[in-house]
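In what follows, chain A forms one complex with chain B and a second complex with chain C.
After this line comes the complex of A and B, so read on.
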């Protein structure tokens, strides 16, 4: 109580220092008494008997001890005391048998934690003041350290704890059910004691044991399992370990255990798995096993170089399959089928990469380069692709739907891009297009133009300018023919056959030398009238009839009374018209009268006499070959369900070998000026260049069209030197200089 | 010495943990009933009230301070409420401390870690 005058005065007084309220302790037993109090209280706490204790009293006891500078001793005594209690606990834990070991450990751990909290709260003042200034461990942490050293790291417990945990995990891996809650609290305890405790006492041995477990399992499985089964198992184990971590391990372990499983089960057996016969990657690709492929991709994504390996195995498989496809003589018999198979193959792998390899760009690139590799192994690929397009663009095609046709053509363009000899393709495409246009077989103008646009987008304007010229010619010709009929008087044209003329500009259309044959007089008359009309309006031009490219519709009445309209080629018309004046003719006679070249004539007669259902003529003898003395008659027994009968369409066919040779020669010839132009272009801008650089630059420039042959380039350079476009450097024979 | 100006009426003993009051008893036996929330401005009291293990104080809902006189304890209770009121708001009013109780008040504050 305050001494002295309380009074009512409010006047300020100098502060007075009062003596302590409590007795000033000079009692030598102060420390012991105070400690005794705390000591007993702690004992009660550890015995779950705290309810009778007064927090305030204990707090005040500790507070006073610290104020009286007894903190160090208090700390020491506390340490000793806790150690004693912990040693008691350890005895209990050691005594626990078998499965009860972890339970007892957990129970004691909980007790200790709770007691520690209470002790810390009571000793809060010491924690606040003495400990920071003297750099001691705070009470709670200190208590954890004591637990760690006395219990967890004790010789009797440390090994046993680690072994127990690992045994339980092993049981779970072999299919038994374990107490996961207990596992979780135990690992959490280790984490609470510090990351290094968790890692040293548990995680490291765990990873080691796991590694040998999975090493063993992988050996066992790989001996008896197919690849797909094995991968399923690996996947199963990976997700099992994932779950294990989330259920009762620390999250940082996840990455490490995944790495162990991946390493043991996948990385160590990668080659063997991927290349496994009858069930490995190749087998999965062949059988379109999407699920297995997806699994393989996902799993090997974790392995260094995993995807690279898969990709290269896939690429060589594609190259091998593709190579056998393009070099198989059976396949080469049907070009359309050949290309269709290529498209199917491309579709197949596009799907696989899309579905199973998540559209991985590097895989798409590998696919592209594999295709590029094997398509060019067959030098007829450009021709075949053109034939395929030809087939699709003809009348009466299966893809009735325009959209479907577009899709197919787009896919064909993909194949086109792989070609190294695009100029060869251009030549064939021109030929086939000409035949389509002139025989009236092109299915749809829109589709033709759409294809041209695609080619133009891919290769540039020059590629398609001549092709477009062909379309223009046809349009113009229509107008010209109309003009002819409009302006010529009808008397002149009475009884004359109706003609439809297509005027082909020489540069735009594929050149073919043509010896004109002898046309029937009716035809000659009207065609000359046309020529006169045309030259009247177009001075200075020259017209040459291309008799090998035309066609005619003839009305025929046969001996048996049947009437038909026959659609035939010009040559065939010439032959048939002869029979208006003779009943029978020999081959020699026909040849003389028509002046048609022998090879063409024979083909023509064969198609008129020997094709079942279209035998307009009869031949004696009925052999396939045509000898000079064979005779031909009109087949009076000819019948057909249709009124209009088509004979021998001028369809594009794959070339015979001599034709093939000729085309290739022409292409090689065409390439020479292109190479020269490239050389000149390069030298003009660079002025001086060495041999190797020229080779590289020329190849780079011409690559979009074709791969230039180094020997040919060299020859062209020589030729240019001769013609004084270039010169060799006088000192260095490998350097060239441009001459202006 | 002016008698304590405010004498909070003792409420019925509430052994209710969630309800907000606790009784603080001074040396002389004066009982101050304050919200738990206010009491926990003192870290010591907070520890005491939230410590596991059921000390007698938490069970009975009252704390005896044999060494804190009433006039100090009263001031401290006032401080609790002042602190709560002005900790959130932007305004602050001065907390008046009579100079003659300063030392005792400081010692109690040290004890209570507030």
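After this line comes the complex of A and C, so read on.
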């Protein structure tokens, strides 16, 4: 039926459309009839009887209604009708008992969805025309809203639904098995109804209930569990909740429930857990419980400040353990053992951080600063570390293969980095190196050089240049000695003992005051020839024999016929050679002949006469102390399994207290010019600088070598003012000015 | 000229400056004392009275005589002030130039006039700026010839003298501390900085900051005071 509006065509003889000549009347019952059709159809649909319906007819009916401008009424009627059906459904759902409640709900929900789909299709035309124009909710969504309001949010159902779901979850948490499929469809239904429905009607109460559940559980567990056990439980619960979400909750809930568990089980008890006696972090560290530590790290990663807390507890523990190690007087008796323990401790924590703390950089930094803190609590650490290296280099590849030695030395370098007084270490290293080199007991040139390279890489060229000079000296000395023998005629040297000379450049080697000593004439003769040779080629230099540093190999024939080669110090050689011309000598006589200072001479005699198995001389009386009139004889009963016998040890010992004091004083003295040089350098470039800045700059510049004492810096500044390198500013007494 | 003892030249200057009014001329004259008196002959005479017979200097005896004539103790601090005016290089000695120049700058040409001036010279110590100059002058002046630092005993003597004027309550502790702990000569910087210390830091040391740029000797002094409970203040 078309209502024509005739627009008259301009063309002639065009067909004209004319209105009907009779009155067209619309059927007053049109709406009711049409609606009745739809109403009944909907009823059938809800009764699972849709198969008998003609989609086309229903669609057309709806279409016509809309065309005839009955859309608003249609919409209204639809709403009413759906509500009725839903109310019926509600009754059924209410009637369902216990476990069947959810099932019934689900069933009805499915029905409603199916119905809605069909209804929407039927009313498609209205959906496309009336609804957008009038900003009404589309049919399907409208149907969902009605479901929400009539069913889900009905007073009888709303609470019941929420409670049922939460009860089921609770049962599952306490170990029972529940129908997860049903849970899934129910939560999905809520999601379909809109995120806010899901959140308000389910998620929020869920999170609240979970919080109190976990709060209770955590209280219970923490009273009776050790930390490790507790963490296992927490971990278990976390993965359980994760699974729950993936199985039947919306994915957005995951983050929130995790936060709840973390908060209740971990954050709220963090301090108590980490610091738990006998099972907390400290205990885990001590016992290397990697698994527990890894778990703790992973879990507390979720907690704000969790890792910070772990890190600081670890750091204090390391500092405490370290401190007791370095201040324990027992430990200080054996320097090599002392350092070994430090290395072991470092290894231990390196491993823990690597395995359990995923090599977290901030933890490594904490480890480093803790070590730095306690290593410097003992001011003998530099000396001990040098002794450790000395020990390892002496034993060299005899004890450990080259690779192992390298690894150990690298680890020692780590400890070296922690030292604040690196210049003190340098002094000791020099002393020990000198002894090693001169006694010929450095095991491997390669290892020595490798160590030097490590130090150079760490501290720069200046640190090692003198040490390298020592090596060069020895090499050059070898060449010089060879040159001496090559150029000096053999007649001159016929009966003379063979000498090997090491020429030490003063300044590269540790300074030693050399004392008097009368060398045996044979030695004097050849050594003077050497001196003449050397000065011949090196004009202007001065050679001084260091009799306290040399050693000699003597062939000895004893009264009982045994022949041995004795390896002794120079002093010992001087003493022994005296016995070539006398059978017996008193201490006084020996002292007079050799002119060796008393303390050294006594030590030397003791090592010749009183050491079991090495008694080359006999002493009367046998007492330990040496009096002026005590007599010494060659021990004709001397025996040894070895042909070559080594007398007396030249290995580096840890210093006696007076020696320690002296070394420290020397180091302090050496620091003064370094501080001054730094001050001058800084002032030269800055010209004018205030007091605090200068203190900071100087400390910064010198830190790689040592920590300068502020009082000393001040004194140096004043000294420089006195010597007119600097002056105070006339108006501001806190500013210093460089005087060119 | 009769009244002021001024030279003709100075009198004319003063009169000109005041437009030939006599009263005004007096004002002008007395407001520029340094430039006024210049009777060099008088001064030479005075100098010769005290100078050594065989050297062109006034030495210990002459100074002793001078003090006598001025009726002051040779230890009187006013002698320091006079020496300062003279820009004397060493204590117990005045060169001709120093002596004459000094008296000129003070504005006197006779011992009597100098004696009259003594109170006003003493008053100069009350002036902050002048006191500082005199104080710093004292260091070089009291030094032994050829030394860079000031001997401790001398320094203590000078300090007692100077700080009596200023009333520094810690002076006794300071001298005690030096004798017990330091026992060495005093550097110029320490000398100069002590004055700053006295001026800025209160006797209870409430505003003393050890991070400040005080010489280490002063830092040690503060430690000394604290150790011996001589100051109440605890930071």
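Here, the second predicted complex is superposed on the first by the 709 of 740 C-alpha atoms of A that agree within 3 Å, B and C clash if a C-alpha of one lies under 4 Å from a C-alpha of the other, contacts with A are read in each partner's own complex, and residues count from 1 in each chain.
The definition used in the following text is that a contact is a pair of C-beta atoms (placed from the backbone, for glycine too) under 8 Å apart; a residue touches a chain by one contact, two chains touch by 3 or more.
Every value quoted in this text rests on a predicted model; they were computed, and no experiment measured them.
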- Message: Looking at A:56, would you say it contacts chain B, chain C, both, or neither? Reply first, second, both or neither.
- Response: first
- Task: Identify the partner contact of A:128: answer first if only chain B is touched, second if only chain C is, both if each is, neither if none is.
- Result: first
- Check the residue A:711 against both partner chains and state whether it touches chain B (first), chain C (second), both, or neither. second
- Task: Check the residue A:118 against both partner chains and state whether it touches chain B (first), chain C (second), both, or neither.
- Result: first
- For chain A, which side has the bigger count of touched residues, chain B or chain C? B
- Task: Return first, second, both or neither, reflecting whether A:328 touches chain B, chain C, both chains, or no partner chain.
- Result: neither
- Report for A:734: first if it touches chain B alone, second if chain C alone, otherwise both or neither. second
- Task: Determine, under the contact definition given at the top, whether A:410 touches first (chain B), second (chain C), both, or neither.
- Result: neither
- Along chain A, where are the residues that touch chain B in the complex? 1-2, 6, 8, 12-13, 15-18, 21-22, 45, 50-56, 59-60, 63, 114-115, 117-118, 121, 124-125, 128
- Interface with chain A, chain C side, in the complex: residues 148-149, 187-190, 192-193, 196, 211-213, 215-216, 219
- Which residues, counting only chain A, touch chain C once they are in their complex? 690-692, 711, 714-715, 718, 721-722, 728, 733-734, 736
- Message: List the residues on chain B that touch chain A in their complex, please.
- Response: 1-2, 27, 43-44, 47-48, 51-59, 63-67, 69, 99-100, 102-104, 111, 113
